[in-house]
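In the two assemblies presented below, subunit A is common to both, partnered first by subunit B and then by subunit C.
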Partner chain A sequence: MTIEFTAPKAKPAALLRPWALVVPAVLFLLVFFVVPLVENGLRSVVNDAGGFTLSRYGQLLTDSFYLRVTAETVLLSAGVTLISIVIGYPVAYFLVRRSGRWAGLIIFLLIAPLLTSIIMRTFGWQVLFARRGLVNNVLVDQLGLIDAPLRFSNSPEIAVAALVHVLVPFMVLSIATVLQSIDLRLEESAKILGAGRFRTFWEVTLPLSLDGVGTGAILVFMIANGSFVTLVLLGGGLQTLPLMIYQQFNTTRDFGMASAMSTILLVIAVVCLFLQLRLVRRRGS
Partner chain B sequence: MSSLSAANSRGTSGPTAEALSLEGVRKTFGSTIAVQDLDLEAQAGELVALLGPSGCGKTTTLRMVAGFEMPDAGSIRIGETEVTHLPSHKRNLGMVFQNYSLFPHRNVAENIAFGLRMAGVGRAERENRVAEMLDLVRLPGRGDMYPAQLSGGQQQRVALARSLVVNPKVLLLDEPLGALDKSLRESMQFEIRGMQQRLGITTLLVTHDQEEALSMADKVAVMSNGRILQIGQPNDIYDRPTSRFVAEFLGTSNIFEGKASADGKQLILSGRGGDIAVPLERQVQPSGSLMLSVRPERMRLGPDQGSGVNFEARIIGAVFRGNYAAYQLDVPALGRELFVYRQADGPLGAVSFRLGDVLKLGWAPEDAVPVSP
Partner chain C sequence: MTIMKRRTFLGAGAALGAGLMTGTLPRFASAKAGNEITVTAFGGVWETAVRQCFCDPFEAKTKAKANIALGGPPQWLAQVQASPNDPPIDMLIMTPDLALIAANAGLVDDFTVDKLPNLAKIPKELTDSVKGKGTLLDYGVGGITFNKSKVKNPPKSFAEFVDRVSKGEFVASVPSIAYAVTPIMLIWAMAKALGGGVNDVDPFFKAMAKMKKNLVFWGGPNDFFNHLSSGEAELGIYFDGRTWNHFDSGATWIDFINPSEGGSLNGVAIQKPKNANPLAWPYLNEMLDAKNQEKFAEILSYGVTNVDVVYSEKLKPRITPWQKTVFPPYEEIAKVRNDWVDRWNREIGR
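Let's look at the complex of A and B:
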């Protein structure tokens, strides 16, 4: 270590240096994110006697029940993502290309549902599809199409529908941002070279908007993966990791198992994020 | 293959040049008239330039030929075929955009092959034709590169190859050199013009750059406010502008505004010390209002008086432009300033005139062209 006898000139005070600006955020994340995450990870590998164990992961990765739960979680998220793409892409396309001066209104309508709490929206779905809810009332009493109310609630389809409802705006906005940035002259180039409307879309617009689809997909997938409230209220017999974690904490009080499950959930999310980054980077080169 | 049927000659080889004609074409956007009652004809193999300031309707005209905009009235024909309401992809056109619009997600070869693929040309022939085109635009072996890896000039040449490979009936160039720097622009002017003439392809060029229009086109159409003001060969339109707008947009002009004399043989200018009579080359309508345009390079400037018109003038501004010098002169008799260009023809390093020099300025009557206001 050297000792400086002359004070260095023009060196700003520590508080003003650029890196000092991120200190509060880093401290916050350290205390409320990194420490709990590490603690959570430790808890999953420490047995009741205080020793090291991987038995919980062993159980999670081999037991057919837990494997089915993990698979169901991933399948649900993938399904929700897929449906969100199918619904969201046309909306995004319309928003960017056709809506003209209505664009502002459409964006407001897209975002407006996000202003109400997710619990309210989920209850809304419950009210709609309850045994004596709006849908059954219309079907049975008003239209007389069926004799007895359908058992909608507690069927997984409603949970999927509610998740899609919550998550589609993320998909639309991700895709719309990228669609917006596509130079229309690229599409005109394709047309003048003999591509009709559909081929122009297929050859130019769609490939160039895949980044937006990717971003939206990862967003929707990860949120769906960790979704809890919707599934608790409308779950319809679905068993997913977040629900199991809740059970472990509240019912079984097996904190170690809950920690191991959340690690699995985290790994799934990180792998997805990594895949998406790889995809974007490869295409961007 | 069906792509070789008579309905679609795209992708086949052989001369495909066809005339392009626009008749009474009109386009409005809301309450703005972008193009009004425009007639334009490009013979097969001809390069016609639409020249004008931004907002004059030249780009809208091009976009209607391309099929990106539908005219409100009038008809567009390519050869014998009426294409006015045909969608773009059925018109057999090639187009180069100002920013080239190469597909960023496809490499050079795939970009060039795009039109052939749309026409259903088989893979083997596609590859041959792409290689041919790469040679033609002097980019052999660059097929695997992506547009982002190419310089502006190279992208330009790929865009040209992509539009020519399908043997279009008409080639559309939308400010094709606008994004290039000056030295490259000049060599590309020669290159595009050379290729266009070799292939004998009918071409419509849109530009706001008068030099580009003059140096590349067989015919220049000067547009303003949605109309063609004048159309003709570059030298004709430069030397014989019919309107003040054309005279001033195409190069620089000294405009003289006055009245014709009672015998119609002179132009009467109101000068500071009274009327000044200027001889005319040809007799005009007597006593009507009259405007003359004289190009700065047609002005005579020197110590001695010459034939025709003569004024005393003092140099108040001098700009060296390499191959010529531009002078700004104050003419006390007229109470106004005039511009004169002098070709650099003296000994190297010498300057003809200096600021403050008082000289004789004039022009021969045959160098003054009557123009409409």
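Let's look at the complex of A and C:
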């Protein structure tokens, strides 16, 4: 007599069940993300007469003015991201390795700015750095360091500072999460093998924490890339794609051009995401 | 107790979701009952004024309900354009240039005295300015607003404004191109005051180039007030009504001058989308009523359009009669507006 061991045949309904669970999410994304995205893309290539056109993309990709706007958008986001890394990494390192029982307080202080409305934060920067604001008053009247007030406000620098202020917490938390997961024995091994503190950091800790830097960079870059309110209120002279999209909608009512601009903005974001994924995969391999 | 099985619950949820998505079930969220209309208003004190001056009397007379949708003209027009057969809002508050776009696109109904008895009390020129497919409810004048504690001798004209700002006597706050009516209240108004017009805005761009170092830009009306109150600027181009609003709210250091060349009239048009609830007509009639407009003017400090309106002693010196303003050629401006915006982007930048 032979005994066969066979797995019980799964019923078709049981096979479908796991897929059924994702149907609501897929439907939601389809209706509220994919369909509007496709519609937006179509609007950007349809002219007023209803025919096909790539003229808007042609203008965006060849006109020196629009190229400058796109470059300004990318440079602003990249600048904010770099500054956030420079500020955020030491804070994250301190938070994970040195803060001890103060960790909770530091995390609260990091997140606290996010609990305030972005408009209030931006007005705060305006008040501080106005021509006759607190900083200029101290420099001119209290300290007498300068004769006339400086024009901080409505300058690109103040817009960058305000964006960094908002976005540094995303960088710190991303890096801190990865730093926390690094096995301390690896650093100890490096030291036992003769590496100094700096070399241990440079050759062990930093490479192992690059995933966190990458994640933080992508978060900060993406948010800065689409930032609007801060630039409207503080970005003196800066012309970025989100501002131009708003202008196309609000002032010129050229929805086709606004769609083309938003597609370009989306492509920038996707390319950035792709680069980050490549970085993470390279680290993984 | 009724026990619902998991399978039943999931099935019902899926059916409900599918039904809502395909539109086969009643659209609860946007249900438009026959005795309810959706009207529009800007935020802040505007909303309060609309509720008190127009919604309340409308509801008292018709026993219907007026729900307020907050936002701005470009957004409302886009909503009506997207769904002209079943517009989600029943009356529009528009800038005149957008009102003309709606009129030319056949999106709005004609205003006639048989539908709106109070229309007889609105000057014909104002109704004609939007081709009879709406009329003007109120208007502001774009002029020079200044901080009188810092500017003792304010410029009396646009030309003087340009001259003194160029010389660095003041830092001025002017509307940025992100603000929808900048082409009218600033580009056209200043070009005209400096000898240009719709077909020649060079004087404006030359003036901006001269003033550039001493300008800051406001993206919205509250932004302008922040510039003045924080000391970022001493004066700027702004509206009379909003200036007096700030004054009444405690900013007694603020003042306004209608430039000698004449400030531009910045009207607010009202319209009814085609296929909107007919109850919008009695609501619009309330908006044109003299008593309601008097109350509205009192709250907002803007001029209103019913000829029977009698302004209070406080308002009289503040309101510039619309005949003494410069009436912008909205339709001609609409044709060249995008070129102006493009030129602004390239030459001024913000």
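As a working rule, the second predicted complex is superposed on the first by the 261 of 285 C-alpha atoms of A that agree within 3 Å, B and C clash if a C-alpha of one lies under 4 Å from a C-alpha of the other, contacts with A are read in each partner's own complex, and residues count from 1 in each chain.
Throughout what follows, a residue touches a chain if its C-beta (ideal position, glycine included) is under 8 Å from a C-beta of that chain, and two chains touch if they have at least 3 such contacts.
Computed from a prediction, not measured in an experiment: that's the story for all the values here.
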Joint occupancy of subunit A by subunit B and subunit C, clash or fit: fit
First, second, both or neither for A:Asp183, with subunit B first and subunit C second: first
Subunit B versus subunit C as contact partner of A:Val204, first or second or both or neither: first
First (subunit B), second (subunit C), both or neither touched by A:Tyr246: second
Which of subunit B and subunit C A:Leu193 touches, first, second, both or neither: first
Touching partner for A:Thr62 - first (subunit B), second (subunit C), both, neither: neither
First (subunit B), second (subunit C), both or neither touched by A:Gln142: neither
In the superposition, subunit B vs subunit C on subunit A residues touched: C
Subunit B and subunit C, minimum CA distance [Å, superposed model]: 44
Intersection of the subunit A residues that touch subunit B with those that touch subunit C: none
Subunit A residues touching subunit C - in the complex, by the definition given at the top: 23-24, 27, 31, 65, 123, 126-127, 130-133, 153-154, 232-233, 235-239, 243-244, 246-247, 249-255
Residues of subunit B touching subunit A in the complex: 10, 66-68, 87-91, 93-95, 97, 99, 101-105, 114-115, 118-119, 162-163, 166, 172
Contact footprint of subunit A on subunit C as seen in their complex: 14, 17, 21, 72, 74, 78, 98, 101, 171, 176-180, 182-183, 216-217, 219-220, 223, 226, 230-233, 337-338, 341, 345-346, 349-350
Residues of subunit A touching subunit B in the complex: 183, 185-186, 188-196, 199-200, 203-204, 207-208, 283
